[in-house]
Amino acid sequence: MARTSNKNRDEKELGFGSKNYNNTVRFINTDGAINVKRSGLSGFNNIDVYHWLIASSRAQLAAVIVLGYIFVNLVFAAIYYSIGVQNFGGVERGSATQEFMSMFFFSAQTVTTLGYGHIYPIGNAASVAAAAESLLGLLSFAIATGILFGRFSRPKADILYSKNILISPYKEGRGLMFRITNKKQYELIETEASVNLTLKNPETNRREFFSLDLELNRVNFLALSWTIVHHMNENSPIYGLSVKELEERDAEVIILIKAINDTFSQTVHSRYSYKWHDMVENAKFKALIPDAGKKGKVKISVTDIHHYDKLPVNNDSTASLKL
Amino acid sequence: MARTSNKNRDEKELGFGSKNYNNTVRFINTDGAINVKRSGLSGFNNIDVYHWLIASSRAQLAAVIVLGYIFVNLVFAAIYYSIGVQNFGGVERGSATQEFMSMFFFSAQTVTTLGYGHIYPIGNAASVAAAAESLLGLLSFAIATGILFGRFSRPKADILYSKNILISPYKEGRGLMFRITNKKQYELIETEASVNLTLKNPETNRREFFSLDLELNRVNFLALSWTIVHHMNENSPIYGLSVKELEERDAEVIILIKAINDTFSQTVHSRYSYKWHDMVENAKFKALIPDAGKKGKVKISVTDIHHYDKLPVNNDSTASLKL
Amino acid sequence: MARTSNKNRDEKELGFGSKNYNNTVRFINTDGAINVKRSGLSGFNNIDVYHWLIASSRAQLAAVIVLGYIFVNLVFAAIYYSIGVQNFGGVERGSATQEFMSMFFFSAQTVTTLGYGHIYPIGNAASVAAAAESLLGLLSFAIATGILFGRFSRPKADILYSKNILISPYKEGRGLMFRITNKKQYELIETEASVNLTLKNPETNRREFFSLDLELNRVNFLALSWTIVHHMNENSPIYGLSVKELEERDAEVIILIKAINDTFSQTVHSRYSYKWHDMVENAKFKALIPDAGKKGKVKISVTDIHHYDKLPVNNDSTASLKL
Amino acid sequence: MARTSNKNRDEKELGFGSKNYNNTVRFINTDGAINVKRSGLSGFNNIDVYHWLIASSRAQLAAVIVLGYIFVNLVFAAIYYSIGVQNFGGVERGSATQEFMSMFFFSAQTVTTLGYGHIYPIGNAASVAAAAESLLGLLSFAIATGILFGRFSRPKADILYSKNILISPYKEGRGLMFRITNKKQYELIETEASVNLTLKNPETNRREFFSLDLELNRVNFLALSWTIVHHMNENSPIYGLSVKELEERDAEVIILIKAINDTFSQTVHSRYSYKWHDMVENAKFKALIPDAGKKGKVKISVTDIHHYDKLPVNNDSTASLKL
């Protein structure tokens, strides 16, 4: 990510414009989603069905599949029923409801290509409808195969961010610090971080964006945890600011992480944001204590990255940069 | 994209050669396709079936599948019929047409592996044909699964371009400006733009290509809209030219956009081109007014990027660079 | 691709070592394959079945599938036959051959999950075998689906290379030139070329590798054709050499092309090599004449890239660099 | 990979922290896995089922599939049995065990969509259960298709590393050397190596990481073998150290290889590590002798990369850098 010392350029880089909104604007949600709603095109052009199916929850997808299955079977049951049950061999004659149910189950056996055959089509109309339904069924399950594969093969970066971002004593001054770790057992390699800050400028009444210089912006393996540190020195846009002042300027720290998922050799992206109310002044992260187990295996507990200690005021001990 | 100040090099970079065509040449269509037809190889070598199936419209694909299904069933119905209906159990004897239809439906039940079984093969010839057809069916639907997955997982950049490219007052001079936005709800990140211009050179009678310097050629998120600006200063190949002169030189502005689709972490490309008749002189884009909704959510209407105001002649107010 | 003026480094870069083989060594075949056979591991570790299935010809793959299908059905027919045909309902009793054939067809109906049901298993042994075969069938067709998808979604660069590489008059001197074009209708973008040369050094009796400087090593679109030119000036390792001398030093020109397949936004690679016997001295490529058709569409015939004219000796007219 | 001469920065780059563990720590296993166990989240959040299924062995996956198949059939057999066998046509009445087995086989015929139909559901409860099972079956096999495809299309770099890392005479001094080759017949291109070293610092009692400069860190083709050499000169962190001293400082050499799998144009990564007990002092790799076969094909035996010769002490002959 290009990082220039030119403030104007930094201001434009993120792509959120410079309009000054009210205090409650949040550009990035804590789940990494960009907090923007785009409208203006007719519904069909604005929605991407495949993206929705890939990004929806498991419960939503299951509901879509089950309801779709019932719906298709109802439609074809109606078609078969209107063709007439006498055009189907093996159907037990009974009440209209029972005959419709028979057609419904025949449809289910057709769309899944199960085809027990105790009920079977007689005559052209019934046979054509059944042939069409079985084709539809095969194509639908082809699409379902693609969606299920698309979902679980979708590149993910399961990064855990510390709940708070600390302003800690750091190198004769102060540093803005947060910690990240990999939640899962697969590996992330060549992990890069880029940290941006947005502030309201009370003079120009515009929103400004800054990229924050990091002490280290890349690690080869995200094997343990990584404490990402911005030194709040005289070159920092937040040099000398207190959390109180950052609140007044509606500060938001926007984190962009880029890594390679080692299992699939795919580049993955993760985003997170801290608002001013996530900031803790004068605190220090607790050291993470990895242990070496049998066969030289190193162990850590990932949720320990959230823990920090409040410091007595004006304490100038050096924070541990990284575990 | 390498950009050099060397004019000769720029001239060669795009790969369209320097031949001077008649006035109506358009290198890039508005759907992003390159307007070149390549022939010379025998048909089979020149067509890539998979690329065609992936890039064809939904209606075309549906037609191919339905007609293919009917065709295969006709072929196998003919094979079964020529083997003789007496080699199939459960077939009701009747007219030749009706018996052929029975074979057609038996074929459909076989190719989809539905297999009701009220009709079934007797004897080796019929059984071999049915075994072959069911294998063919499974492989065909394997291919269909791949094509459907290939289609909807194909990386796309659904970028909306403003209908017109404006020559607006900009920084003591003029700027060539257009706006883009993301049509869909998924996110595009690390969006980069490159803008090229092609002009007929009346002196050398050759076509020349230039890359145009941009005020900003990258945004981190294409969250709202992005106004891409080329400053028409003394270093610009179109410094001082009017739309009338650009028409005479058959100007075409070729836009290349590169971004990362955030859902799949895939790089996507988008192209667009403006001909001289898409240019509007002395106009200015209307500001897009995003609103902050509940929970700090920002909202925009994407089709607003088309709107502009004509300016009184010689107006030198500064255009808003970017929303 | 890093290109240094340091000869030693160039020598090592390709990875073919510096051993001096006999005259007939060819490192890259004309189909782009690297001409190296690696052995030494036991067969199973050295062969990658999936890579073979992806890279094999259509006829080979079809043979594997059809023979595999027959083989599996023979194996299960033998299993069913040994369980005993009396454990299957609907089998017509007859000769051993005929009963085996019935079991074979029952197997085919089971492995494809066709399941007509006119033959069906009775008892536990037959039922277990059928249940196992249907699971095997589904998994096999899952694998076949993956292989077929892997084959046709495999990124390809269908680049056509001119049959010969010419030594043409160029800029007060001579140039080594060949032409490439895209054989197919889909587009290749951001195409980059890298050209390497290998020569036998008669003094050190080692093989040397050089990267050749190109007049232009990248085009945005490979829309028409691209003439790739190495200026044989005093910095060139082949300055002043004749084709006769290149033959004596067993010259091979190794071409590496890298591009992005626009349909899938995937990077693709193509390789080609010219041996000394593909070189033509004192010749010039015929200009390719693209035409502008209806709607400003440009047309070319791709096989025209092979055509060249022999020049009278000592002709110093400038060759057309690029169409 | 950024490589700086700044020692502090090198120390942080790998992401393993600077804690000093006991002697037996090994960061990278010889199979390339990072030797870290992450815990702390509840089980479900910490395990990625898809990653496990992709990375598990063939035997594990086969066990999961077969046991899952049996389990699902047992569950549905129990459901059908509790609905009552009288609700199924074609079931031969018998002992409870035999009737349960019939339901088990009916379930298998339903979940695979085989559907012989000699047993078929009668009434709503049985039909609904069968319709649900066939849907479940289709979705399960869709998932299995995805997993099988994900497994065999997973980008791999099958790199063979020499069993030992040698300290050999090299250029008036000593070099740290190991050899790699490609185990398989598909090609790896644009192969890059990065070599890191970790040592215990007895003074600070911290673990330090260094990146080692290489004589050549990239080859275009990994066609034959590649000897990767670190010159142990005065700029090297291990200048003048003996294997004995490297053992005392618990040395581990961590190798990162990055290449492009030519068949799929995918970037692949490989890792390896040598501990001090894999180091051999005063030895030299045996030259690999590739042969040129018919049609100029070059042949090598990959396991030859392990072979080396012990040298008489103080031998200063120059090692062959690369075959």
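Which chain is which? They are A, B, C and D, in the order written, and residues in each are numbered from 1.
Assume contacts are C-beta pairs under 8 Å (C-beta built on N, C-alpha and C of every residue); 3 or more make two chains touch, one makes a residue touch a chain.
Keep in mind the model is a prediction, meaning the values are calculated, not measured.
With respect to chain D, maximal separation of chain centres occurs for B (centres as means of Cα atoms). Legend: contact pairs of A-B compared by residue number with A-D, B-D or A-C; the interface matching in over half of them is A-D.
Between chain A and chain D, the superposing rotation on Cα atoms measures out at 90°, rounded to the nearest 5. When the interfaces B-D and B-C are ranked by C-beta pairs in contact, the top one is B-C.
Mostly differing positions are employed by chain C and chain D in their mutual contact, as under half of the interface residue numbers are shared between these two copies. Between chain B and chain C, the centres computed from C-alpha atoms are 27 Å apart. Chain B and chain D have Cα centroids lying 38 Å from one another. In chain A, the residues that reach two or more other chains under the touch definition are 113-117, 145, 149. Those residues of chain A that touch chain C in the complex are listed here as 113, 115-117, 145.
The part of chain D that touches chain C in the complex is made up of residues 65-66, 69, 73, 101, 105, 108-109, 112-118, 141, 144-145, 148-149, 152-153, 158, 160, 181-187, 189-191, 216, 218-224, 226, 260, 262-265, 290, 292-293, 295-304, 321-323. For chain D in complex with chain A, the touching residues are 1-2, 9, 12-19, 21-22, 24-27, 33-41, 45-48, 50-51, 54-55, 89, 110, 113-117, 120-121, 124, 127-128, 130-131, 134-135, 137-139, 142-143, 145-146, 149-150, 154-155, 196, 256, 266-269.
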